[in-house]
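So, here come the structures, one by one.
Both complexes shown next keep chain A, but they swap its partner, so chain B is in the first and chain C is in the second.
And then the complex of A and B:
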């Protein structure tokens, strides 16, 4: 049984299709990262899974329970950290967490200790006496994460969990999310941050304009790009056109960056291509200043599968 | 945990929210106390007891103040619903393991509690004022006031329901305040909360006098005057009328709020 399964899931707002017949599965105990720009349908999918929204058509199941037919049962086994933190403005963080814990039957004997520990882990303890409305954006976001962590649901959903959070805080939240997975929860993280996806994902689903474009592990997605490695070569002088043609003959895809002495090559195996490239450069009399070898980022993967750069999306 | 326990927890949290809004509390309490302890006591010395008001002016006015206090506290439910809808807290509520009707019930009950606790406090202050100024208090009146609590609670849920209705149909915050003010002006003005029924019948058209007579606020103020302060036995017909006029309001409000939650589930926004 899948932890999450959707079949031809569609959601329409007026004339806009947010989801267009999405088929999507998440295995039990994995971290599934949904990667997509704003407007790709990520949040709509999550809102349907946590029963806030009803789909226009199709089905969605969480641990085998239909989200439309048995919404209350679904809500008993899932927890969500919203993209925009939601809390009672005039309550303190600990009071918000106590209310949340009580709604999900967290053992009263362990409740206080769990709340205190989680608040300390997420560096919220210092802000325990502030009202929610006085928390900073990052603190409110961490409180949102804390709700799900104390709940330890079967399915935990995090919608852009580290937006507005500083770098140190991001790492903390990511580690806690992985810890939650190790404790047995299935996790869905929606993000448009490549670094977050790379750090967390067991598998990645790329959503684009309400459709699933591709879903796999990160290494497999990167391997799927023609020319898995990227080699950037800086020359001391302008690169002769003849050299570019020769290098293109070595396999891969070589391009000369405009108004610079730099070549960028997407090649299958950098370790085979680089020695041949240096020989060709020596023959052409082009002096190499530096060579950098990188693997493609998820941004490149997104670009490859959708034809658009993740960062350029609205 | 049962659905009912969750409903109670949500109602309790929302109820506590009312008392956490300190500026609102300060405004409400200062208005109620100045009405009761300044206007009430001063006017009592100016206006002689008459058959029109049945007793001293203080004993005529205070039930009205208590009922208006109940009204103000119960209508705050609408403000809280409006905030919850606009700030997205309602979406958090929708992820909790409680049915939509439970959520609706929780808000209506919390509105009822807010009204009854606030007006109950005013009632206690009124009794203490009477003791302080050595005015007679019928002991049975206190007993009748206790018996009246569930009936006032139903009235309070009815008003909370109306406020929920207006909060649900308000697109903008200022519109909610306009609706709330219009509701207050119409319900308090066309009532016998602050004027005797005879005065209204004398100066206003008959249909308005009839509306004022069956206004649940008038009925509540009348029962309080007659029994809680007058010491007369509670009239079953008055209590039945109070219930009969309050329950439909609570039902309309609950239905409107339920429709809004359903709309959120379909459209993603109210």
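And then the complex of A and C:
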């Protein structure tokens, strides 16, 4: 059974299709990152999964429970950190977390310790008695994350969890999300930040204009780009012409750089190509000084599959 | 049920954190009765005996109406300040969510109405536990009905807050003026009274006056009034439960 499964899921706002027949699955115990630009349908998908929005058509199930038919049961097993932390203006972070914990039946005996530990982990403890409206944007986002962490739901959803958070805070949140996965939760993270996706993802789903473009592990997505890996090899002496011809026969596109003792190869899987290249170099008597491998980024992956760069999206 | 009560308690704690508004509401009530009510009472005392008492109950019924409208506004504010998606993601049924809103509304109404009610009953020398309890029940039922109407209408606010505000202003202007909160039905001109019997405030106000012992000659039949007030409460709350479940969505995002 999948932790999350959608079938032909569609959502229409007036004349705008936010989701167009989306088929999407998340395995139990994995971190699935949904990567896509603003307006790609990420938040709409998450809102349907946590029963806040209703699909126009299609089905969505969370741990086998239909989100439309049995919404309350779905809400019992999932938790969400919203993209925008708002509301609760006159409440303090500690009281917001106490309320959240009581709504999810967190053991009262352990509640206070759990809240204190989580707030300290996320560097919110010093702000525990500030009103929500006096928190910074980053603190408010960390409070959103804290709600889900104390809840430890079967399905935890984070919608752009580190937007407005400083670099140190980002790393803390990411580590806590991975810790939550290690404790048995299934995680969905929606983001348009490539670094966040690369740090967190067990698998990535790329959404574009309400459709799933591709879904796989990051290495496989990168390998799917023909010629996506770039290998630069420095030799101690000028490269024999025969070696260049041999290397071109290994697949990929090999070119000799102007310095004549440098090669650049664009290959699909550097990890397969490099051993074969070193063998051929040894046979040709060419001594290698250094090898640099550059993988494509998720930006490149997105560009490859959608024809557009993430950053260019509206 | 426990979660519904937790949610309601949270809402009520928010309400109590704004207690300045209660003091203001009680002060305004007192001022309105002391100045406007007493002067009007002298003007019309030949037509309606003890008009001050009649007027005071009417003013309390308006307070009940305003409190019901507050629940609708509270609901709309939840939506626009971002709390509604959070509340809709909590593990309570939509009916439970509505019940928590209703409990909030009742608390809001009771806090605003109880001190004025006790004060008025004491002032007119008719303060009994029985009278106060029945008057509260009557206004409680009316408050539930108004809450149901307001929550049912609040889905308009998901399209446009401006339209909702205009609608509320228009509704309160009509529903208060075309009712018996300030003048008995028997004094109304023939073109006016048929409209007034459409206002739920007419039945709430007359029922409350009846349970407090006001002259029945100036009031509607109490059995009809009780039936209408109860029917409106049950009907509009059922309608709002359906609307919350089927229509209202917490947020629209792409």
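Please note the rule applied: the second predicted complex is superposed on the first by the 248 of 314 C-alpha atoms of A that agree within 3 Å, B and C clash if a C-alpha of one lies under 4 Å from a C-alpha of the other, contacts with A are read in each partner's own complex, and residues count from 1 in each chain.
As a convention for this text, a residue touches a chain if its C-beta (ideal position, glycine included) is under 8 Å from a C-beta of that chain, and two chains touch if they have at least 3 such contacts.
Bear in mind that the values here come from a model prediction, so they are computed numbers and not experimental data.
A.B. asks: Could you tell me whether chain B and chain C fit or clash when both sit on chain A in the superposition?
C.D. replies: When both complexes are placed onto chain A, chain B and chain C end up clashing with one another.
A.B. asks: Which partner does A:53 contact after superposing on A: first (chain B), second (chain C), both, neither?
C.D. replies: both
A.B. asks: Determine, under the contact definition given at the top, whether A:88 touches first (chain B), second (chain C), both, or neither.
C.D. replies: both
A.B. asks: Give the label of whichever partner, chain B or chain C, reaches more residues of chain A.
C.D. replies: C
A.B. asks: Quick one: classify A:39 as touching chain B (first), chain C (second), both or neither.
C.D. replies: In the superposition, A:39 contacts chain C only.
A.B. asks: List the residues of chain A that touch chain B in one complex and chain C in the other.
C.D. replies: 13, 44, 47, 50-54, 72, 75-76, 78-80, 82, 84, 86-91, 99, 102-104
A.B. asks: Quick check on the complex: what are the chain A residues that touch chain C?
C.D. replies: 13, 16, 18, 38-41, 43-44, 47, 50-54, 71-72, 75-76, 78-80, 82-91, 99, 102-104
A.B. asks: Mind listing the chain B positions that touch chain A in their complex?
C.D. replies: 1, 3, 6, 9-10, 13, 17, 20-21, 83, 87-89, 91-92, 94-99, 264-268
A.B. asks: Which residues, counting only chain A, touch chain B once they are in their complex?
C.D. replies: 13, 44, 47, 50-54, 72-73, 75-76, 78-80, 82, 84, 86-91, 99, 102-105
A.B. asks: For the complex, give me every residue of chain C touching chain A.
C.D. replies: 3, 6-7, 10, 14, 17-18, 78, 81-83, 85-86, 88-94, 249-254
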